[in-house]
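Below you'll find the structure, written out as structure tokens, and then a few comments.
Chain IDs A, B, C and D follow the sequence of writing; residue 1 opens each chain.
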């Protein structure tokens, strides 16, 4: 549901979103070295596969967004990764639109990147439970913010929709819970097996 | 006494090519069956079929006296048949050794503390207790192989399917594995390209060729042969 | 040699004569035009045009339908909620619910617009293979690193799926069956974590293996595509269509 | 005549542990060097260092008479040094066998048709031409191994680094591989746990132990030993 199709958003919203998306992409690409390419491409693939595998939740079906996790592992490089994932989804599944790519990118990448930056200093190898609580919380909050962004963009394009959006946002809450649990367990796993994937280098240095 | 496993008329196609054709196979209690065959003969495919990971076009699988057709039947079967994969990396997925070995018992319905106890018992048997807290991902190739075996044994299977258990093992690990397997009172099917390993352990042999399974014997040429070790030059006599 | 399993399986469309860049740009231009239209007549005309284009490109009806269903799914929630809850003057009141006429009107406009956009975009890009699109993106001037990420991720998707399949097999073989308990959640956490770690390491090793065989870090972006007369024609036509539609809409 | 490869004082740390310490290694033209060592001794790590996939903390690498420091140096080196990975799944990435084998020649600047021709020639040499159109990730373990080797040989390297080339190979393929390698006029480093294979092929041996590399000899125990084959029962005398 987080993918907005072509034709919903108004031109000013599209323009603003695209601009922000391009900005994020530029920041991400600037940080992308040759060595980062496999990892970034792989998370793009993870993002793509996660979103193509819907699982049923009560009467509806949802799929993981993984914005928080992607942001944790990649930082600003989450922008190029998610951009590629979105492009593939549009191409292969027809999820989302072509003109809305920039907007969708901001919706899904920005919350994760910012929240990951906030919680990253608190992730420590020697405090796994606390770290998992932080990342899980960040992942859940990222989903909620994504939902809010989608809602605001639609409301700005078509004010008549504004009241309907509360209903939509509520639909995201269960997903936020699932993402929190999954991200927390993945954090526990990575802290044991490959902490350098999510721990800031400085923190890692002091913890080991 | 009926056979533990009884496959008849199995035919399997993989991406269009007929890999197994009219394969019959029985495994009796206490048997250690060597499954020989060239690369690509279909040995892995046959093991996968037994646990229901491949669906035959034709044929019957009877295990522990029951016909096995659908996923439910095989789910039950897998609780009694342990499968060691050709690649251990595919098999280990919990972060630490003890968690990985306890995974099977947890699925069998053990409580967490019972599962840990069971896992520790198996690790002790295999002399692997020192690895208990290690991260599975950082083990060497040989250690991974043995831990994967522990994970399979922790489920206390009635039948073991071992797909090239000796791959990538150094000589010390190989000797250790051979001893462990020789002492296990469990029926097993052994796949390996190490004919010597097979001949040492197996009580019966079959050969897979052109999609057909036939009885085989280990044919031994008694002749002079070197047994080779590498020693640092200093140590050499 | 830029072929790929995905490429080989791709159906050929009659739009193949066009440069991929033209197809992408025309699609974007047409959607942007549609977003600016308000007239139901013009939007309906666009839907007809989209249907014609879909037919011309030889896209199977089932695929078209599936695509539309997905898009309309998005609309459904809005559609149900919108006419009922909007604060515009009511049209019909049933108990606490007030159905509003302008709300309904806007919903219809939006439905037409989304449908038209989907139908126009579908024939233009849906049969492009990822590899082709990657090459077109490179030739459109996207940063080479981004194009590399795109091309690599296409390769990794299959790799990742295979790893996931093997891990899942391994879990099933040890008697795992999903239930609603902590063990299940934890196992899934381990599954995803292991998949990530394994896949990242695998991806890095694959990349190393490629470098060991002389790969210099860049896929050669060879293509036989040219920006030809057909492209000029289509581009011109698009501009005319868009201008005419925008003009008529303002009348 | 200088050595093709000349490593001196190499020290490597992996995830904090010192894996190689003060390692010196020379490889001369025409040599076939056996690199022995237990699981986890660091054999793979040493090969990876030679082609610049690991960065040593200390030490010098000279190859073909030139110092090798940065990625550019190693890029050039890799065009002349063929590396067969321990795990073929890491190495095969093109969709079909022929595309995979042609990948190296393409990177060397061959035209597509020349590259295909070269790939076919190598596949013919290895008796793998029937696999030409097969999808690489649908091959059996042993088939993958041989195709990966073909991909390396297609680049016509001056030095071959073979990390456990015999893994998962059946007896026929093993014999074939031994013959092919024996006939190749290329210097190579061989890693394997099959001491017999190493002793048959190598002209010199080194042993990796506790992070140190030392000269070694194949120590042969002359004693009676069985050579085991599996035959279908019908064929047995």
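Brief remarks follow.
In this section, contacts are C-beta pairs under 8 Å (C-beta built on N, C-alpha and C of every residue); 3 or more make two chains touch, one makes a residue touch a chain.
Being a predicted model, the structure only gives us computed values, none of them experimental.
Comparing chain pairs A-B and A-C, the larger number of C-beta contacts belongs to A-C. Between chain A and chain D the centroid-to-centroid distance comes to 42 Å (mean Cα coordinates, whole Å). One finds 18 Å separating the Cα centroids of chain A and chain C.
Rounded to whole angstrom, the centroid-to-centroid distance between chain C and chain D, based on C-alpha atoms, equals 43 Å.
Each of residues 188-189, 193-194 in chain A touches at least two other chains. Multi-chain contact residues of chain D, defined as those touching 2 or more other chains: 87, 89, 135.
For chain C, the set of residues that touch two or more other chains comprises 155, 190, 193-194, 197, 206.
Chain pairs that touch one another are A-B, A-C, B-C, B-D, C-D. Within the complex formed with chain B, the chain A residues making contact are 188-189, 192-194. Residues of chain C touching chain D in their complex: 1, 3-5, 8, 155, 158, 162, 202, 205-206, 208-216. Contact residues on chain C toward chain A in their complex (touch as defined above): 24, 27-28, 31-32, 34-36, 66-67, 70-71, 74, 77-78, 81-82, 85-88, 102-103, 106, 110, 113-114, 116-118, 121-122, 125-126, 128, 130, 133, 143, 145-146, 148-157, 159-161, 164, 185-186, 188-190, 192-197, 199-200, 203-204, 206-207, 217.
For chain B in complex with chain D, the touching residues are 14-15, 34, 36-41, 44, 86-87, 138, 140-143, 164, 167-174, 193, 195-196, 198-199, 205, 207, 209, 214-234, 236.
Interface residues of chain A, counted against chain C in their complex, comprise 1, 3-11, 14, 25, 29, 32, 34, 37-42, 44-46, 48-49, 73, 80-81, 83-85, 87-88, 90-95, 97-99, 154, 158, 160-161, 163-164, 167-168, 171, 181-182, 184-186, 188-190, 193-194, 197.
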